[in-house]
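Both of the next two complexes hold chain A, though its partner changes from chain B to chain C.
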Partner chain A sequence: MSGGETSWRTSRKLDQWIAFWSVPFFFTLFGLVFVPLSWMMPPRSPQNSTPHIVDFMQSHNLLIACVILTLAYGLAPVSNACYLIQVKRMSVSPAFRYSMMIGAVTGAIVGMLFPMFCFGLGAFRPGYSSAVLTMLYDFGYLAFIGSLGCFCVMWMAFGLAIILDENRILPKWLGYYTVWQYVTELMAAPVWIAKSGPFAWNGLMTFWFAMILYVSWQFLVYICIYRAIKNQLEAELDNAWADLRPTVAPAKSSA
Partner chain B sequence: MTDVARGSTPQVDKPVRAEARGQVPGDSSMWFFVIGDLLIFGGYFVGYMYYRGRNHELFLAGQAQLNLDIGTVNTIVLLTSSLFVALGTAAARVGNRAESLRRFWMALAFGAAFPILKLFEWIPEISRGLTPGKDLFFMYYYVMTGLHLCHVALGLVVICFIIRNVKESVAPKISFVETGATYWHMVDVLWLVLFALLYLMR
Partner chain C sequence: MNTKGQRILLWTAPPAVALFALAYLVFPVFSPPLSPTLTPDQVAAFFRDNVTGILGVAILCNLIACSLVPLFAVTAVQMSRAATSSPVLTYAYVICVGVGTTAFILADYCWGMAAFRPDRDPQLVSLLNDMAWFFFIAPVGTIMVQNLCFALSVYLDDRPEPVFPRWVAHFNVATVVLLAPSAFSILYKTGPLAWNGPLSFTLRLTTFAVYIAVMFWALLRAVRNQGDDRVVLA
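Take a look at the complex of A and B:
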């Protein structure tokens, strides 16, 4: 995978490859838990009847899904690490990297951890009133789909870093595509207003359209990051200094 | 967004037109952006037409409440700005920096009038209760013109960078000027479609 005759265990890019392969693992788990296990996604309608909402919020599968995702949440920093290592190589201000990092952290808390707590709470203790469950349902979906600002900053920082970078770590067109990621967050803003139709949180424009853009972006960025890691010179690695030691030490002992 | 042509056209002293270089004007990744952006807006246009077909009366009633005067003035303002961008690019290509700079300042002035006029349009509408929550037409109206306004804002920043490029550099990067101009023309095209769909179509 990392090329050359060295085994993958001695690859100097092993850290990056582990972070890299955590991404498909993370997203596969996401997909399985979100769709067939709990049917949280595609989003249920904001106009669902109260008995439907109560049934959904108290289902055991939903509780199991929330526990799995709350545990797997720790993989989010690992998968972001492999992006950030590449952003660090770009000829842009570190402000981009830090904005991206903090945007990812705050975005994931609101966009992932909050919904997991909301959906998980419903099944945790039977007997919550239906009004409370409905509020948690709204809270969960709005936090998941309508958590806009942090991701806006994150995508904008990533997109601009790619566009302004003169080392050409990632292709420029990917930078422009990332700017659309920022636009998808703006597109989702009407979920705070509309309760039905194409602009509701399960709507054609706010969810499906943004999802098509997002999923294809995720695949493209993944391929580009793969190539960036592969093309990175070993001397340029952050841990390059650490690899000097073994070559010096045996020379001393043999003398 | 800078110059893709840097490596491919070394030691060229006199400005060369993009066609003569055998490539599209500006950065080719900008064309990726332009086509993709048109497709994204295309998705909105199709969605708008679909829901308009299903709620014809509602959309017509909404359209009748828009301010056609400001819409028309804004169209003229944006077209004029685009004209100055084209003229400024032409002047930059033949190496006339002073003229190019003057035309880009004009383009910036006309472009900056657009968001100001938009405020004069939106604020009275919102205070009359025509908010995005009123009905589906107004949601489409604010989302589409809002997304477009974000493009305009970004375009104004790009024009500022073009002005800096032309002003401070003895040999301005023509590729960068063309890239910015391409973007600004796209913003213009999008507005023309929006204007037709939202204000004119009956």
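Take a look at the complex of A and C:
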């Protein structure tokens, strides 16, 4: 900003921008994997007949979706880290970002890799009995839609940090929306009991309502994070202490 | 800053590697690696015949599963010394380590579970074995991103005396390319990409072993050169 327009390669915030632009890339792959590739989403009914379930669990596309996910799921940590470092700039305890970090670690396997593997395993070996396939179907959907606690702790810590922050890194209304997002996670808890109706895993409340809130929340967070990175002053950057121009011989040692 | 703690943590890596090598050498499932083409009955028979060896290694790996974490933690500390605008790459790295290690632990549990009651329905033993191979071979996404984050943090540090030499970053990018084929093990039951094939199994494990050795050396050097340089991560 202060040094006039420079090329993106020399931006001092390049690390943050790379992480930031990986987020839409990740979510695009994530969407491709779960919607048009596997047709796992929108969720099929828990009441589906066994032949339907067997047929779906043996579709070859599930394997391709699995491969793309195993290659892409490592980007989820980058997205989370991109949000986390804004919490680091806030006037709140490190406990908030550590909570988010641990939520991100636990959530990646139980809410993403494991459910996708349940579907992939069914398709990998066509000889499995229908009892095994229906169990994998249930386990896959329940783990994917019913993984709640890891995300609860992330949204709670993120929302509270925004609300408590005095440095005004992210807007306060986003903090309240994030708390709301946390409440929608609680609302999905009955998927472990209900097999039909609005609280089943494909229900109006637990899936559709929660999904609309989540997607719009994700977009808003993303825009706010963009503004937060853009507005961060050069003097506040972690590398402000390091003189990056090699022409200046003596490095500034005590900054 | 005193780097004694980092050096102690680093030197926990060689015994950890020795234990992993031992586990690899005595694990019946790996000598030779079980073929994905075995029928459930053949898999169940294999687990029935090798209960002791499989359970022994499953228990050992349960204990040592996280024993390379200190090496990765020291890597994260050294990454945070790079002159980048934020610790975003370090945070992503640490989360990747947690996720990747969990996948390894799940593989270990699935093999242990298959050997725990090998008289189970062969379909279930076969499912546990498939699941173990899925978790052991396929989820390369996190270590790929982790090594890319490391490489980026080295590339972005253009001070005259960077924490790591440039070639360590190039090496990490190369490991990303060499590890990627394993993800495709899900699509094949025979050939080089199958989970027991030269690309998915041998190349993957060799790359990982060389990677740990190179990082150990690079980290010893980085910690030695650290002196009283500041560490940003908190």
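In this text, the second predicted complex is superposed on the first by the 240 of 255 C-alpha atoms of A that agree within 3 Å, B and C clash if a C-alpha of one lies under 4 Å from a C-alpha of the other, contacts with A are read in each partner's own complex, and residues count from 1 in each chain.
What we mean here is this: a residue touches a chain if its C-beta (ideal position, glycine included) is under 8 Å from a C-beta of that chain, and two chains touch if they have at least 3 such contacts.
Remember, predicted model here, so these are calculated numbers, not experimental data.
A.B. asks: After superposition on the shared chain, which partner residues are touched by A:Ala104: those of chain B (first), chain C (second), both, or neither?
C.D. replies: second
A.B. asks: Pick one for A:Met57: touches chain B only (first), chain C only (second), both, or neither.
C.D. replies: Touch status of A:Met57: no partner.
A.B. asks: Looking at the overlay, does A:Thr70 come into contact with chain B only (first), chain C only (second), both, or neither?
C.D. replies: second
A.B. asks: Touch test for A:Lys88: chain B only (first), chain C only (second), both, or neither?
C.D. replies: Only chain C; A:Lys88 stays clear of chain B.
A.B. asks: Once the shared chain is lined up, is A:Asp238 touching chain B (first), chain C (second), both, or neither of them?
C.D. replies: second
A.B. asks: Identify the partner contact of A:Cys224: answer first if only chain B is touched, second if only chain C is, both if each is, neither if none is.
C.D. replies: Touch status of A:Cys224: no partner.
A.B. asks: As a test of reading the superposition: which chain, chain B or chain C, is in touch with more residues of chain A?
C.D. replies: In the superposed model, C touches more residues of chain A.
A.B. asks: So chain A touches chain B in one structure and chain C in the other; where do those two contact lists coincide?
C.D. replies: Touching chain B in the first complex and chain C in the second, no residue of chain A appears in both lists.
A.B. asks: Looking at the complex, which residues from chain A come into contact with chain B?
C.D. replies: 163-164, 166, 171-173, 175-177, 179-180, 183, 186-187, 189-190, 193-194, 197-199, 204-205, 209, 213
A.B. asks: With touch defined as at the start, can you tell me which chain B residues reach chain A in the complex?
C.D. replies: Within the complex, chain B touches chain A at residues 1-2, 4, 27, 29-30, 32-33, 36-37, 40, 43-44, 47, 51, 132-133, 136, 139, 143, 146-147, 150.
A.B. asks: For chain A, which residues count as touching chain C in their complex?
C.D. replies: It is residues 12-16, 18-19, 63-64, 66-67, 69-78, 80-82, 84-85, 88, 94, 101-102, 104-106, 108-109, 113-114, 117, 120-121, 124-125, 127-129, 132, 232, 237-239, 241-244, 246, 251 of chain A that touch chain C.
A.B. asks: In their complex, what parts of chain C are in touch with chain A?
C.D. replies: My answer: residues 39-40, 83-96, 98-99, 102-103, 106, 123-124, 126-127, 130-131, 134-135, 138-146, 149, 152-153, 156, 158-161, 180, 183-184, 186-187, 230, 232, 234.
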